[in-house]
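Paired with chain B in one complex and with chain C in the other, chain A is shared by the two complexes that follow.
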Partner chain A sequence: MILLTNNYKNALVAEIQIKEANLTISEQFKQQMIELIEQGNSYIIVNFVKVIYVDSSFLGALVAALKYAIPHKAEVVVCGLNKDILGLFQLIRLDKAFKIFGNVDDAAVNGIN
Partner chain B sequence: MPQSKKILLVDDNAFVLQMMSKALIKEGFSCRKATSAAGAMEILKHDIPDVILSDYHMPDVDGFAFRQELIDLPEYKDIPFMFLTSEVDNKLMLEGINLEAVDYILKDTPVPVIVSKINNFLNTVRERHERTIKELSVAAMALNLHSVPQQLPVIKGFEVDFWHKSFQNYPGGDFIDFITIDDRYTFIVLGDVMGKKWGAWYFSFGFLSYVRAAVRICISNGNFSTKSILQKINAVVYHDPVVNDVLSSLSLVMIDAANGSVKYSGAGDLPLLYYNSNTRKANRITSSGMLLGLMIDGDFNETELILNKNDILFTLTDGIIDFETPQGKRTDYDVFEKAVEAFFDRPFREFKEGDFLKEKALEHVDDCSLIYLKKTTDDTFNQ
Partner chain C sequence: MRVEVSKEFIFNNQAGEIYTLTSAVTDHLLHNVPVNDDIVIRLKMILVELLTNSVKHCGNNHTSLLVTLIDNKIILKKTDTGNTFNIRSGGMLYSWPLPGIHHNDKVIDIYSNNNCELKAMVKNNCCLNFFVKEVGDTDDIEHDLNTFSEHFGLMIITKACDVFEYEFDIGHCTNNFVATLHLRA
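Showing the complex of A and B:
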């Protein structure tokens, strides 16, 4: 299981359970995200709190999920990024594609507004 | 030293598990142990072994059911699998052999024989794998497909070089190209298709074709703007169903040898590192563009720099800034910057042969590409 999901306030929180989010899980992650979007979840918080490293394949899968979400009127946001991962998001401008929050609570508040 | 082969041992008998793992560790293998199929599945989530050795007789899920479960999961199905059992029933052995990529070892086989059987088995799997890669590489060569250049361009007043290493020696998602328009203009292209191995390699050709076409079309229309070239590529990628599910970064640098300037635009790429030889300082040149195909408006910008003699511009992909640490992998641009700064006044060849890239070649986990551009003269020339 790559994503542990639970409903929180108006959001669906999908917590990544893997420390190193890389090529070996990226395709599965993308499929799970697509399923969550297809199930009608309109606000999905991807929680990175357990992740210490991401590679470009995984980021590709995350971005592909975002592209899938847009025509389905769903929003994908991220939270719990460590310093390195946040730095990487900023370096390659993913901070313009995703709303980034410190924790699930902040992300959930945004979902209600 | 080569890494020891990882074995995942699965047996409900803790004593057998302990004995077998001790014997195999003594023979230079590293072992993970699970007392059930469920336990083994837990381990597989975090750690993919070189081979799985599983008992047949286990309560709950037996060895065959476990093997079947693995076959049904694409990410585990190709892990070499061997049954280790006391079962001597021929019919059972046959059933086991039919479950793809398996071999069969009886538990009372002496340990040295087990070890050589495992080694032989792994060698066969490896040879088959290498043969497939070789055949695919030969096919790719025959089609003249290269995702990195076969030779360096000659640019008046500049020196260009690059270092590239693919992921575990598979052709991967990074692509490099030098497009020489004429004596005056040359383009440097560095992209990273977000994936690895064959899939990413295939798509890298798709992206590269778009880049080449867009560069040529813009130039033939008298449009020398890297920003508008990226906008064109992005629009095509965004709408094309063949590639719009795959994302790619791109750094595009246009060198104008007539005035010693470069124009740069980027799409979701890492900042370039620019060394100014007058101030003896390096700084990052960040572009604003998003990954190709992500949004219809990629928000691209264009930076122009006039390079002076001995100024250097590095273009890189993310493998260069990934590092193995005892706590796990991490990403840090600063580490690269610190490693390269001692080489600003030295030939690039020395950095290529230095420890930083040597270590990267040994332990890297991603495609790595680094392109070096240096202004070598004060002269500019007029067309």
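Showing the complex of A and C:
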């Protein structure tokens, strides 16, 4: 299982369970995200707290999920990025595409507002 | 004084080895030269993407990663005997080595992401220099997302380093990707 999900406040938290978020899991991650969106979850927090690095394939899957979310009126935000992953988001401007939060609580507050 | 430190690492093109090798190369460099956090973060990005590229495109062969410290620069040279390097652009397929020199100095559009355009200039029939053209921010993030490519690998390397080149070595029939990072004070 790549994502462990639980409902928290008005959000669905999807915590990535794999330390190395790379091309070996990117397609499966994308499919799981699409399923969560199709189930009607309108605010999904992807929690990276257990992830030590991501590669471009995984980021591509994350962007694909975000693209899928928009016409389904869902929002995908991220939290728990370590400094390497945050630097990567900033380098390729994914910080413009995703709302980034320090932790699940901060992300959940944004979902209520 | 010109001081050179070089070390070759071997990568077996297994995704499970990416993090271990990235850490090993980073530790090796930190042992030999003081670098700031920004350089370390960019170094890891480049290593992860160079190795990921090998997993995707190099089959069962191994990949050599030559790490060189020289003249206040870190040079990462990835060499493999894997698949031919191809770029599709403008309805054309460019495959290295290019047949002839008529493409010299040509700029090839590779892909764009969120107002960053990844391009490459053909230096000669065996060599290509990647660069990114930043075209500014817009407020229409939804429109931008729809134009987002879901490919980031070459873009990450190009933006993270100072010079990024591909070279086909005709003598050895190898693909060489060379990323150079300048160590600034």
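Keep in mind that, in the parts below, the second predicted complex is superposed on the first by the 113 of 113 C-alpha atoms of A that agree within 3 Å, B and C clash if a C-alpha of one lies under 4 Å from a C-alpha of the other, contacts with A are read in each partner's own complex, and residues count from 1 in each chain.
Just so we're on the same page, contacts are C-beta pairs under 8 Å (C-beta built on N, C-alpha and C of every residue); 3 or more make two chains touch, one makes a residue touch a chain.
All values reported here derive from a predicted model rather than from experimental measurement.
> Are chain B and chain C a fit on chain A, or do they clash, once the structures share the same frame?
clash
> Looking only at chain A, is it chain B or chain C that touches more of its residues?
Partner with more touched residues of chain A: B.
> In the superposed arrangement, does A:22 touch chain B (first), chain C (second), both or neither?
In the superposition, A:22 contacts both chain B and chain C.
> Which holds for A:91: it touches chain B only (first), chain C only (second), both, or neither?
The answer is both, since A:91 touches chain B and chain C.
> Does chain B (first) or chain C (second) touch A:72, or do both, or does neither?
Neither partner.
> Which one of 111-119, 165-173 or 255-263 is the stretch of chain B that crashes into chain C?
Among 111-119, 165-173 or 255-263, only one stretch of chain B overlaps chain C, namely 165-173.
> Kindly list the residues of chain A that each of chain B and chain C touches, one partner per complex.
Residues 19-20, 22-24, 52-53, 55-57, 59-61, 63-64, 66-67, 84, 87-88, 91-94, 96-97, which sit in both footprints.
> In the complex formed with chain A, which residues of chain C make contact?
Interface residues on the chain C side: 15-16, 18-19, 22, 37, 41-42, 44-45, 48-49, 52, 55-56, 113-116, 137, 141-142, 144-146, 148-153, 155-156, 159-160.
> Touching chain A in the complex: which residues of chain B?
On the chain B side, the touching residues are 45-46, 48, 75, 173, 192-197, 200, 244-247, 249, 268-271, 286, 288-291, 294-295, 299, 317-318, 322, 327-333, 365-366.
> How about chain A: which of its residues touch chain B in the complex?
Those residues of chain A that touch chain B are 1, 17-20, 22-28, 52-57, 59-61, 63-64, 66-67, 84-85, 87-88, 91-94, 96-97.
> Using the touch rule from the top, collect the residues of chain A that touch chain C in their complex.
Touch list, chain A to chain C: 19-20, 22-24, 52-53, 55-57, 59-61, 63-64, 66-67, 70, 83-84, 87-88, 91-94, 96-97.
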